[in-house]
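In what comes next, chain A is part of two complexes: it sits with chain B in the first one and with chain C in the second one.
Moving on to the complex of A and B:
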């Protein structure tokens, strides 16, 4: 296993290196730079040039890249051009908000998705099934920003029972913090839960037609037992695979939902940094995001290799 | 339990599921009844308004993240805190006359080339040290630095020498008289000279204002607390001001409607109009901006002045004011407001909607069917304005292709004079007066402007206004307005204020002449 892991490391390092180059180059291809953003709307080119020199942005690109990479390897992601604050601090300030939102949205997606799928899949047909199908279709067609706005109108303005703007950290005040989280998490989770539910329902429909289910029915096994022990258990694997993908989409959707509910998370930081051409913040965010993806991929491969010896053996040949 | 799920005869209908559901419901009910509700906490206490009351935290939602380095700039990134943390030497009254603030008086000598400023002696900085001449000299010099982003940098750059006769007297020598000197005094917040470098990252933001800068989380929030040593006894009333950055226009409105904030600064005009019908809120105009259409005079067909003038007649300003700015603005051909002594009613109506005249001018110039690229700053109001302008211009015979540019790209091209043939933008200096406007905004600079309009006469007129004495100031400003109208390298469309929506719980909130938030006397009920 250790050998398998070691063989995976070079490709991971290569991905991270390529990412660091892309993250450095791509933002610089856009017109304008942090000096223009800092100089303000009434600046002349002479003043912008002076700020550019102060920030060291007039140095050769290779020098800037190597300088940044050297510091990044030591965990120093430089100082934001626009705010003058260490990038690590800026990201740490925002990470908690996004993590709390993503984790609760992920949990809601699992619970609601499996619940909807099970409720629809457990009954062959009928009004309940039709109702859930319609609900899933509506939710699937609804982007996160729309579900967010509808929740704001319904539970924030018409019947104001939950806060619709801002945030309180769960770590600071769990009782209030959870109330600030519910609506944005629900807005994020609903479309994804519908997708998971629809997939589970399809898998259960397919499983119902399998021989072992017919045998169980013929043997007189109670319907509930057939659903839980045979149909559901054999349908869950495909849903579990999709949960990972859907969780990635939750993180993507968080950028929009953070804007709707005025939460200061990583998505909002990324968008602001793009507008202000705050290169070093974008570089750090990109590198960290890809680093997490690489780590997740490695862990997945390790897990699969541990479960399936053929992967390990295949990898050694 | 039989196959249908019904209880067997003789057994109770209360199943295990019913009991569990009942217990869950009871538990949830108990939990909720003892639970603090975030909506209730955000709403806060309300009470009758019978006079000022001390204490309380004011929640302000702002559409731009505070930038401490902009402490001496007229930008949305400083409007909501600049006058709370800092004060200035003088401040304009409603008639545009400078009144003493941190200065007790001033005296002009040598034909306006030397200014002697007397300072108050009872002012403490937030650090606890008495404010003195060193802080004033540092603060008057700082706007000249590019990193300050200040619009009065051209005035600060005139300072050739500053000396302190004593800790409370500053003598400033200028390279030439400056008609707009008090614009510098109005905008140059007095900053602690010992910690001025801390403005770059917000680690030290020390002034003399009624509130002390406590903490800033970039892109998220700013906390300010009451300055107990403020020079005005008993002020301010509020204990704390908490500002939250909300860039999304809908979320900004939601914050004030949902009682998260008592003030929403920078609300979209149409949103403000909607909230004005709600008795819980008042809508207050703030700093004014001039929304204009600029023209590159070296690009065909705008090399012909008749086509440039035709643009002015083609635009339906009143429609833009009502559709985009909900009627809060003023359709005007002048880029400055009535505050400027040189403002004139006739000049503000120099170009009125006359599509027939515009069409005729374009035909005379042989420019019918010309295709022009229209660069548009990516601000909601500017984009909306540009769509109407495009319609109007196509109506008089031009073909227009809109190109939206984000702020940074637009500013870079504006500064470098590399915008397309037409462009739409907004300039936030409308309140500051024509002289500073024409000598600070890149689109109007006499030396090298974004329109690439080069004229010895224009340079002469701006120079004359910059050095004009008081009796001649109004006429010199009118001469600039008249010349730009004639040459038509820029057309003002609407002068409109930034909109602030305030809860009626907030009383006696004010603003400076330039629209910066002022809360010395404000209190919550």
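Moving on to the complex of A and C:
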């Protein structure tokens, strides 16, 4: 197990390092100079140069990068050019909103996805199964913000039972907070749950055709026990792999869903930072997003290796 | 990424095998028929819309009209017909998506082939693709929007870069798998030239998964365009695209809830048609 982990780590570190370089360099290639923008339209060249020196932008790129990386590794992402506040504070202010949204959406995805897959996969054919298949296909053709818009039209405007815009933190008032959270979380969870459900269903279909299932049937094992002990158990690993990827999709989808529901989370911060060319903020957010993606991937692989000794012992490339 | 996993499981089938009935077979499946029919209707409507209407900027005094006979999806803040604007938006989307995905397919396949021919290039390619795929699609789109300025150019580049790894991996894996097949050895033993083996046998057997993958790449590209445009970093209003129309629709959501229906329906149908086509192609062309 540990040997397996050690083999996986270099490539994860490489991805993170390359991302840090890209996150640092790319925004600097963009047109527009933050020093000029900060100085205002009437500033002289001397004043602009002074601001540039103040921001440390006059140093060689490599020095700037190492300095930035060194601070970033210690959790310090410099100061926003536009607001003048430390980027860490900006992110800390918004993180709570996004974390609440992502956690609830992730939980809904697991419950709904496994539920849908199990309901369809436990039976060989029938109306329930066809219904779930159609539902999953339609949901898969929807980005999260579209399912969000439809939920708003349905539960916010046609039958107004839930608030559609704004937010209240769960920590301040759990009862009101959850009402603001349900629609966006459900919007994020539904398309991903459909993907999980569909994968689990087809894995269960495949497992049902295996010979050990036929043996179990021949032995007279009750149908329910066959589904739970043999079919489901051998189908879960592929769903587990996809859960990791799907959680990454939830985080990406949150950027747009936050805009639709007027929540001020990290996604909204990222969008604003692009508008304002505040690239220090975007750098930090990119690094965090990729970091989470790499970590999720690694956790998924660990989970998978724990389940399946063939992977752990290095049978795959 | 929505159904990327199905496409990937399909790709392990190593090219077409006798059981699948190929592309014609896909069009005989219910999913294939519905998908193709919806796509044909959408493309025809998008192509023909200029013949029947006075352009997407025809304003009227009838603002925020509810859907009805005259305006099937109502009118917007300037009294423009939303159905007409949606079809013009669809034109923009179809061009943009095809350009982005096609570029990814060509460049990705070439890179993948290079990666299959040389071991070093292959390893380097894998690492680069890992890095590209490490970026969530919208973050990548935002960085590119910041670099190039939001618009059609930035979107096409984002789509191309984001879709590239899928094609490159398929091409590399396909070529490597074919190389070890018995028929390649047999052809070589018979003295058939390497080039002829490549063109007549290896390429036709590798190209199927790549063509099938195009359908799912289109879905991902649609999500990327609309997602970026909804947050205002894609196509900028007043230029219509499905995403920019949804962006305006979200702004007027409480004032005129029907605004989003037209572009939302077009987006859903477009994505659905490609999802269904992808399912049918996976089952028929890549059948084990």
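Throughout what follows, the second predicted complex is superposed on the first by the 226 of 317 C-alpha atoms of A that agree within 3 Å, B and C clash if a C-alpha of one lies under 4 Å from a C-alpha of the other, contacts with A are read in each partner's own complex, and residues count from 1 in each chain.
Everything that follows uses one rule, which is that a residue touches a chain if its C-beta (ideal position, glycine included) is under 8 Å from a C-beta of that chain, and two chains touch if they have at least 3 such contacts.
The shown structure was predicted, so the numbers you read here are calculated from the model rather than taken from an experiment.
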When the two structures are overlaid on chain A, which partner does A:143 contact: first (chain B), second (chain C), both, or neither?
second
Touch test for A:25: chain B only (first), chain C only (second), both, or neither?
neither
First (chain B), second (chain C), both or neither: which does A:259 touch?
both
With the two structures laid over each other on chain A, which partner does A:176 touch: chain B (first), chain C (second), both, or neither?
first
Who does A:152 touch here: chain B (first), chain C (second), both, or neither?
both
First, second, both or neither for A:9, with chain B first and chain C second:
neither
Could you look at A:295 and tell me whether it touches chain B, chain C, both or neither (first, second, both, neither)?
neither
Identify the partner contact of A:285: answer first if only chain B is touched, second if only chain C is, both if each is, neither if none is.
second
Using the touch definition from the top, say if A:275 reaches chain B (first), chain C (second), both or neither.
both
Chain B and chain C contact sites that coincide on chain A, given as residue numbers:
30-31, 149, 152, 157, 164-165, 259-260, 275, 277
Using the touch definition up top, name the residues of chain A that touch chain B in the complex.
30-33, 36-48, 50-51, 54, 79-80, 82-85, 90, 93-94, 149, 152, 156-157, 160-166, 168, 175-176, 179-180, 222, 259-262, 264, 268-269, 272, 275-277
Chain C touches which residues of chain A in the complex?
11, 14-16, 18-19, 22-23, 26-27, 29-31, 137-138, 140-143, 145-146, 149-150, 152-153, 157, 164-165, 191, 195, 198-199, 202, 242, 245, 248-249, 251-253, 255-256, 259-260, 267, 270-271, 274-275, 277, 279, 282, 285-286, 289-290, 293-294
Which part of chain C faces chain A closely enough to touch in the complex?
1-3, 5-6, 31, 127, 130-131, 134-139, 142-143, 145-147, 149, 219, 222-223, 226-227, 230-233, 246, 249-250, 253-254, 257, 260-261, 264, 267-268, 271-272, 274-276, 279
Contact footprint of chain A on chain B as seen in their complex:
3, 35-39, 41-42, 61, 65, 67, 69-70, 73, 75, 146-147, 149, 151, 153, 200-202, 217-221, 244-248, 250-252, 254-255, 257-258, 260-261, 406-409, 411-416, 427-429, 440-442, 445, 448
